[in-house]
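Next come two complexes built around subunit A: one with subunit B, the other with subunit C.
Coming up: the complex of A and B.
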């Protein structure tokens, strides 16, 4: 199946590993991600005020361009997913917003279904099919981490239960992983506070990593470039003040998928990790190396 | 006895900075300005559509749209309202190109305002060169320097994009930075240029230059007239097209 694909700026830059591993794993599962012929920043956030129409222009322009390529649009960055999906919802549900945006863009908007690769795997490929294509089952102990924007606000995103989601757990079990019970999985990593108040973001991120470490998880798996960045980067600054500290590598969900599917590409991006996940990829797996 | 031939030249109304003038139909905006008595010191340059000095904003009667053009390339229309934008005080950074890396961090450090872009596309709508300004800014902001350089290659730096930008981005100066980064750090080196520069610095042509400097103007003119010219068929087709 062919799905129009919006990478977003971060996947072009600091999170190029997520882009690369998503493309190769999707291809291996029979999904061709067709990058939009031209695209620009989605704006990163949806305006919190109904009348702030200017803030809707960036995501609306992407959606208007995407509808020329198909009836849905796949994206991977959690910020892009949240922004585009909510913009689509506003344009569909609020006639005044749609009228103003269409008027300014001088284009009609008919609606594009914004999807995340995780939901395509769940709803279209199917967990059984993913499980059957695994050639290298992973005996990892994994903490799934969702963060905020992949699930919230539920009324507008509707991907999974915002308080106790299971889509990532279901996905990881298909790969053979043992999934730990991880109550911090929907806590906030500190988000953009890593720029303006790094001490706060560091505290948020470290608490999440330490809670994962206490469960015995060997790795945290996430979908979001900013969560990956915050959780990973703030570990490199040495032990916490209470002295209890164990580093945990942070992977994008597509990396274990690439490894489990037996792919050579899309597994490990040495320059994108401060806490190296390398030992995960060199440990023997349940059925040995493929 | 001579007969004066009177030819009727149709006159049209143009409003220059709000004042009405009657000028002959068919003039460019630049010529209309001069016909009306303006002596242009700024807002004029090459008169051939290349230098970008004569950016002009205009509106046609009965239309809300603000349109733009180069005064030397745009023909006046009846009831046109216009003004020139000879200079725009946009932010322009100084830097040592050797010290910069061709990536997003460089762009964001020198021109952080690019992240304020709302994708309104006004910059593209006003570009007299019809460049995809919004997308070269997007390319620059995500570190795709080669694409930003390519998309902005025909920029004349007239500044109209910046004059209309709600995010106050200095598009044309970002574009200049992108092209400099591309030229210095990304474009493959041209071996023939390096070789020729070495020949020049080693003084291989000093003798010929000295001989020429000693010639009289008449001798130089003769030399010029008798010079070897590349045969026509050796000129690449694309080059001919450009000429």
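Coming up: the complex of A and C.
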């Protein structure tokens, strides 16, 4: 199955691990990700106020280009997924926005279904099929972390329950993982405040990692490059004063998938982690429960 | 020569109406249950709690809201909007407040230094989104 693919700015550079592991795992599962012939940044966030047409232009341009390649577009980065999916919704539902954007771009927009790889694995490949292709079941204790934009707003994204999602749990169980009950799984990591107010993003991330550590999880799995960065980076700054700190490595969901499928590539990217996950990959079946 | 000075801000401007129009949200739907503030991941850093922002606007105490740090700390994670029993999307209200302040030329638009190590390590999406929030 061929699906047009939009990597986005981050996946082409600082989160190349997510891009790499997604391409090889998708290929192993029979999905060919075909990168759009031309694309630019989606703008990161969709404007939330009315009549913010300028902010709608960047994602609209991507969608207009994508519709020439097929009726859907696959994304991996949570920000791109959220922005493109909501932009498509605005262009479909608001005739005034569509008219203005079409006039400016001098192209018609007919609609593109924006999908996430997790969604394709669930709805098209199927969990059973994923499970059957696992050659190296992972005896890991995992905390699934969704963050904010993968699920919200539910009315426009509709991927899974915004308060108690299970798609990542179902996915990880297919790989053989034990999934912990992780109460902070939909909390926000502080997002882009890591640029303007790093101390606030650090506090948000610290609470999430600490809750994961308390559940006994060996690793946190996420879909978002910014969540990965925030949760990982601030652990490098040393233990917390309350002494309950334990560092937990952060992986993209495609990395355990690549490992479980027995692939050599797309598993481990040493330069993209502060807290090294190497221990997990060294002896998967003997890895003890923490 | 006749000189004419235009007032920078019109005193009797209807901020409440402008915020409602920009956000598309009804501020008076809020009945102050406080769920937004209970779930907000950044509430600890704000000088006004999210539900207080709405209450002050209902009472037309606009200055308190315009001078508050709360809209600048909102990252739009939509925890509040997901949980609001009255369906108020507070992230939209916060963005409307930010936009009106930016149109007024408030301080937040001035360039400020950013930590170099963060800029070299953080994913591109972080800086793109952070600056998107500070642009009109």
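Everything below uses one rule, namely that the second predicted complex is superposed on the first by the 284 of 290 C-alpha atoms of A that agree within 3 Å, B and C clash if a C-alpha of one lies under 4 Å from a C-alpha of the other, contacts with A are read in each partner's own complex, and residues count from 1 in each chain.
Just so it is clear, a residue touches a chain if its C-beta (ideal position, glycine included) is under 8 Å from a C-beta of that chain, and two chains touch if they have at least 3 such contacts.
These numbers come from a predicted model, not from an experiment.
Engineer: Based on the shared subunit A superposition, would you classify subunit B and subunit C as clashing or fitting together?
Structural biologist: fit
Engineer: So in the superposed three-chain picture, is A:38 touching just subunit B, just subunit C, both, or none of them (first/second/both/neither)?
Structural biologist: First partner only.
Engineer: Applying the document's definition of touch, where does A:77 land relative to subunit B and subunit C: first, second, both, or neither?
Structural biologist: The answer is second: A:77 touches subunit C but not subunit B.
Engineer: Check the residue A:116 against both partner chains and state whether it touches subunit B (first), subunit C (second), both, or neither.
Structural biologist: Neither subunit B nor subunit C is touched by A:116.
Engineer: Which partner does A:211 contact after superposing on A: first (subunit B), second (subunit C), both, neither?
Structural biologist: Neither: A:211 stays clear of subunit B and subunit C.
Engineer: Answer with first, second, both or neither: which of subunit B and subunit C does A:104 touch in the superposed model?
Structural biologist: In the superposition, A:104 contacts subunit B only.
Engineer: How wide is the angle at subunit A between subunit B and subunit C, using CA centres, rounded to the nearest 10°?
Structural biologist: Superposed on A, the angle at subunit A reads 80 degrees.
Engineer: When the two structures are overlaid on chain A, which partner does A:86 contact: first (subunit B), second (subunit C), both, or neither?
Structural biologist: neither
Engineer: What is the contact status of A:200 with respect to subunit B (first) and subunit C (second): first, second, both, or neither?
Structural biologist: second
Engineer: Applying the document's definition of touching, compare subunit B and subunit C: which contacts more of subunit A?
Structural biologist: Larger number of subunit A residues touched: C.
Engineer: May I ask you to decide whether A:57 touches subunit B, subunit C, both, or neither, giving the answer as first, second, both or neither?
Structural biologist: First partner only, subunit B.
Engineer: Looking at the superposed set of three chains, what is the minimum CA distance between subunit B and subunit C in Å?
Structural biologist: 6
Engineer: State which residues of subunit A lie in both footprints, the one left by subunit B and the one left by subunit C.
Structural biologist: 9, 13, 41, 43, 54-55.
Engineer: Spell out the residues on subunit A that touch subunit C in their complex, using ranges where they run on.
Structural biologist: Counting only subunit A, the residues touching subunit C are 8-10, 13-15, 41, 43-45, 47-52, 54-55, 77, 79-80, 147-149, 152-154, 162-163, 186-188, 190-198, 200, 203-204, 225-226, 229, 233.
Engineer: So in the complex, the part of subunit A that touches subunit B is made up of which residues?
Structural biologist: Those in contact with subunit B are residues 9, 12-13, 38-41, 43, 54-55, 57-58, 61, 104-105.
Engineer: Flag every residue of subunit C that touches subunit A in the complex, lowest number first.
Structural biologist: These residues of subunit C touch subunit A: 21-24, 41-42, 44-45, 73, 75-79, 81-83, 89, 91-92, 95-96, 99, 114-115, 118-119, 121-130, 132-134, 136.
Engineer: Given the complex with subunit A, which residues does subunit B contribute to the contact?
Structural biologist: 104, 115, 117-121, 132, 134-135, 137-138, 141-144, 166
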